[in-house]
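Note that the chains take the letters A, B, C, D and E in the order they are written out, and that residue 1 is the start of every chain.
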Amino acid sequence: MATILDIKHVSKFFGGLAANSDVSFSMEPGMIMGLIGPNGAGKTTLFNCITGFYPPSRGDVMFKGVRMNGLQPNQVCHLGMVRTWQKVRPLAKMTVLDNVMVGALARTASLKVARDVAMAQLEVVRMTRKASFLAGGLPIGERKKLEVARVLATQPELLLLDEVMGGLNPAESEEIIQLILDLRKRGLTQMVIEHDMKAIMRISDRIVVLNSGEKLAEGAPQEIVNNKAVVAAYLGEEVA
Amino acid sequence: MNQRPLPSRSPRGVAILELVLFAAAVLALWIFPQFVKKPYVLHMGVILFLAIIQGQAWNVVGGYAGQYSVGHAAYFGIGAYTTMMLLELNKIAPWWGLGAAIANGVLLSLVIGSITFRLRGPYFVLASISMAEILRYAFLYFKGFTRGAEGFLVSEIPTLHLFGQDVEFITKRPFYFVTLGLAVLTIIANYAVQHSKLGYYFQAIREDQDAAHSLGISLSFYKSIALAISAAFTALAGGVYAMFVKFIAPDIVFGIDVSVQFVLICIIGGIGTIYGPVIGAMVLVPLSEILRNPRGLVQIGVLSPDSKFVDFVEAHLSNAHLLVYGILVVVVILFAPDGVVGLLRRATAGLRRRRAAAQEEPGAAGA
Amino acid sequence: MLRIEKLNFAYGDLKVLWDVDLEVRQGEIVTVVGANGAGKSTILKNVSRLVRASSGSLRFNDVDLLRMASHEVVGLGIVQVPEGRRIFPEMTVLENLRMGSFVKATRKDRERNVERAFTLFPRLKEREKQLGGTMSGGEQQMLAIARGLMGNPKLLLLDEPSLGLSPLLVKNIFEIIKEINRQGTTILLVEQNVYQSLHVSSRAYVLETGRVVLSGTGAELLANAHVKKAFLGM
Amino acid sequence: MTVFLQSVLSGILVGGIYALIGIGLTMIFGVMRVINFAHGELLMLGMYLTWGLFNWLHLDPFLSIVLVAPALFLWGAFLQRAFINRVLNALPQNQILLTIGLGLVMSNSVMLAFTSDYRILTTSYSSSSYDLFGLSVSKPLLYAFLITVAITVALYGFLLRTDTGQAIRATAQDREAAQLMGINVGWTSVLAFGIGAALAGTAGALISPTYYIFPQVGGAFTLKAFVIVVLGGMGSIVGATLGGVIIGLTESLAAVYVAGGLKELVVFVLFLALLLFKPAGLLGKTRA
Amino acid sequence: QVKIGFINSITGPEAPIGENLTNGVDLAVEDLKKKGVNVTIVRQDDTGKPQVAMSAMEQLATGDEVAVVVGPYTSASANAVAKLAHQYKVPQIVPAAAKEEITKQGYSYVFRVNAPAHQYAQSLIDAALGFGKPKSIAFIYESTDFGTSVSSAGKEYAKAKGLQIVGDEAYQKGAPDYRSTLTKIKAANPDLVFMVSYVADAILLMRQSREVGLKPQAFLGGGAGFDTAQFEGERDISTNVFSVTQWTPESSAASQEFERRYKAKFGKKPTYHAACAYVATLVAGETAAKAGGDRTKIQAALASGSWNGILGDVKFETFDGFTNQNKLVMPVVQYQNGKSVTVYPAKAAKAKPVYPFPGWK
């Protein structure tokens, strides 16, 4: 199989506003796709369309050759594609461990198995120490990590990360970057929305740039930073 | 408070202690009628156990899954009517009727769920009320089928032949054992749910539906499961209730006050816990009974017949029992918003903290 | 202008601020940097009286803020642009902006301020009639800052204004912050973007687990070894 | 045909009063996000006050609005300050139970004070009507309807045109942000609950001449108000107006063309059917 | 010293009428004392709910050990309690509940003072047929046990008397608007309009009838709400309406005396509920005292005894499927000049009926 995800001419309209218009691109297994674009470009909306939270107004989303339109988010998750939230959504009154277990339970009915999987994922994001804390009381950095551990526990094949580094300090961001790279080593396909160009350049194999809902450019990281249109719309003259 | 490590499960020692206490309590209640035979006392026991079943039932969908149904009268009523109509019209014994009641309750829950679960928050609350109201009006109106406001009065409950013994449902005793048994059953079932995948999924749905959805949880499926479990117990309670009070009519079993009662038991006790409904029932049932009928205390033998208390309550509060009830609700919500269980938990936490205060290093907050 | 002394604060049982001392002088840009959960936002919330300190003193030009309510603080000219934008979701962009000049004294400048906001953020002009809640994260951030400026603030409290913004916009935002400051607004800035914010600020404080551990001019802190290691990833 | 027109006419007129009850509820919900289960009891208090003023001061029920509305405003403001305020951040079911509790306290206090006797308030126009091409237009209903329309228009203008009105809307959408705009949200909430209560009380005064009064009268109206508000979209004032008229009409037509005993059933079925297609009500906004 | 249980709706929706029963019982206790019979009343509030009434009855029977029970007030409660009275063998005297079945189940321990539902309908329809020549009739009644019982008895009787039923509308009590239903009935143009309502709906129904211009030959009010002082006071709408009742103050000298004392003590006019409860309690007290509190003896004494008082002769008889039912002919009254006057049966009549309905003022 050549591609794992095919986005074909996806458009999403809110009333008269085209949040996505005619976006197409594909991902190969094991790659990391960077998704960037100015605020309001339609990145989060695209995630919503891919994962079943919004039905696309037009176009198709194919995951592993299966047409995803009309599937519910839970079905999408079971097929192996899962997303994080730009605005983190911890299950506040459950413990950190329980949060991750909820993710793990997507693949098992046994609490014991789920607990082991969850502990393993907490290990990965280095939060084992916080396992019995209530998720609602975590600081933002740890919430973001929890968010990642939780989706990892669903054992996805394709991971969609929506600004998981937003609001983190460089040290914490670095941790996440390492995590993403580790996951790629293990063969996990990822699509990453991020505004931190330094990070996105380091991790992405390819980058798609959205602007006003349309795909502005696609290419290797170096191509993108040198693309005039991208510089004008998004990066400004110099790259950070 | 938020960052205090909270064990997700009780440590093993505590769990065993709880189990032993629970078994002891059940045993004590089981042999209780050997010593106390007053029908009034047993009557109150039955009402209490029914309230526990109701509370546990609501807790599954309201407490764990976070879907605040204020329309549980629908399942209660369906259970009551199913059992009663089978008995009165088809002469089918209530122990079979209860099975049918559960089936109908579950069926109804699927219908109601498919309508109301698309709604969230206040819309869900109000839609659930409407469903119960629709049933109430329908049962009032379609007299040919339901006898309307006239309702059903039990003529006679057949004798149950069980293990070579005849159980006659005339006195309160058999009802006492039946409801006690069912209450224990519901508690165990609830415990099992809470300690299974279902429990985790229900709570995830309560905390954040969208997040749960994205983690592979089918909202419609698991909400329906929660409601079905809840409805099954509720319908069962309704059926037993009908047999016990021996009279039902739409306003009695489908009324909003019935629905509110479900919620109240849980809130007063503590929502989303196993103890909550038990404690809630233990507070609410005696209290409303004493206010309505202080003489009950005399009958139990707690007070002497010429007690000043009874006179006082009769003279000043008997017209006002709902007023006192209302004040109580307001006070609980304002001062014990997590119910009695929350109150106890806070008290014990406070104790533990004071004890631990010495060792605790300051500034351990930020991570 | 703003003087915070020995401020202590706890969320319920969780103590967040320990004896925080902090000062902002007229015309300055002062930045508070610190890790997540250090208590930066909590300081701003205390100034805006969204939460109430357990002890310490909080003065603005010799006015004691401790006794005041949120809306009274705004009346003094202390305006906060909160973390997470807090746009009114069911009001249009324009209505949101107009809410920014709710305080009586600022209403006379309303139309002029709206124009200024539209010049600073042309996107807002395009979306004048869109409901706030449906704007993207970055658009909402612009709207939030613009709304804060509507109140002619003497002291502007900015809580992570660059959060979730594109690189281009982040740069813009810091330009705008400087510009606003030049026009005479004193600014207390809370940022994760340590590098940029230290660059624009006159002075800065470093907050760690609720305590001020370092302070100095922006340049001093940029050169500080501890700051480099902890916040700049160097 | 006459029967049809007559039903439409009285449906709309009664619907107007329903709308007023709904608007009060929607207002409270909008600002406080609290479903006020004691709304009918506020209406009941309005009725008793009207009845008292009529009996002791011989004040016309429609005139008595000028006293009833402020009195209920104060009472609502008090309830907000003393009770509702404390549960704004509590779980929704706690809020629901608190208002249920307050409702019980109100209705049973009134019962202790005035017994549960039914009170009837009879004015010279209580059962009189205008004749309009063979249709009878109930005088008290017509007056009530006109007053309702005036109040609704005024309220709408107030919310959209005045800064105080905008402050109420802002508070409804984000309390903390509203505070940061310099809005005194405590006062705004008091105002909103006060207005909500005043509207309920006014509705009580308006139906007094055509209805009867007893301590438990509120319950049925609370339920009706819910249906109206959800139908129109919670928090939407125009929605509540629309919802009120729709419910009035439905009841009236159902009584004739379905069956008198089924009209409530028809209303609820309509209500659920609508929610299925528009889960946030007619004018409510669905949130992503 | 005898103990009498009294189950009544002290709170809840039926409380307004329940209060009349309480007053009647209180007067009876006074009178019993004068006769040297000391009774203790053990009160139980059923809050208008049959299931509560049943549990109250169980307590009275097994806990308080009362000799005899008076009440409950509503049909639904009284019927439910009757079963228990039968089961526990506690004599029950029903003062004012109308449901037919209560005394039709062969329960020897259940006695009823008032006339059952079909009498409401029969008296009214007989009266109307006696006054004129109505051909058609429409029913509008609340969908409670009482409303349904009376109207079904009415429909049956009307059919038997050859009246054509042109309207049959049940309604949910408490709705503020009956105009469309009434318009529909008006369109059917019935000669008689038969209404049944417990409480103040009666006033609403008549007000709105006036508004929509409903004008049959006669309005027949099936008791309860049509038989209250409040309704009487609403002259605009009550004038010329017929109502049926168990008792009128003008029926005898004793009744007038009862009315006077009642007014003096409670500040309002007694209703028939008060009168029935008063009589029921007197009968209960006297019998129980004589029988020394023994339930079986009381039952026997009740079944065989007879009493005379403000309701005329009281005797519990077995006839036409009824057991222990007092035969009471219900008088029909008409509101004339703001006062209710007895117009039927002829021998009790105090005034001439106004028939047909002359139209609205």
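Side notes on the structure shown:
Convention: contacts are C-beta pairs under 8 Å (C-beta built on N, C-alpha and C of every residue); 3 or more make two chains touch, one makes a residue touch a chain.
Because the structure is predicted, anything quoted here is derived from the model rather than measured.
With respect to subunit C, maximal separation of chain centres occurs for E (centres as means of Cα atoms). Of all chains, the one whose mean C-alpha position sits at the greatest distance from that of subunit D is A. Put simply, the C-alpha centre of subunit B and that of subunit E have 39 angstrom between them. Between subunit A and subunit D the centroid-to-centroid distance comes to 47 Å (mean Cα coordinates, whole Å). Per-chain Cα centroids separate subunit A from subunit B by 43 Å.
Contact of a single residue of subunit A with at least two other chains is seen at positions 137, 139, 142. Residue positions of subunit E touching 2 or more other chains: 11, 143, 170, 172. Within subunit C, residues 14, 35, 37, 134 each touch two or more of the remaining chains.
Here subunit B touches subunit D in the complex through residues 62, 68, 70, 115, 118-123, 125-127, 129-131, 133-134, 137-138, 140-141, 256, 260, 263-264, 267, 271, 319-320, 322-323, 325-330, 333-334, 337, going by the rule given at the top.
Looking at the complex, you find that subunit A touches subunit C at residues 14, 17, 36-41, 44, 86, 137, 139-142, 163, 166-174, 195, 197, 233-236, 239-240.
Considering their complex, residues 48, 50, 69-71, 74-75, 79-80, 82, 86-91, 95, 98-100, 102-103, 107, 131, 133-134, 147, 151 of subunit C touch subunit D. Residues 163, 166-167, 169-170, 172-174, 176-186, 285, 287-288 of subunit D touch subunit C in their complex. Those residues of subunit B that touch subunit A in the shared complex are 1-8, 195-197, 200-201, 203-204, 206-208, 210-219, 366-367.
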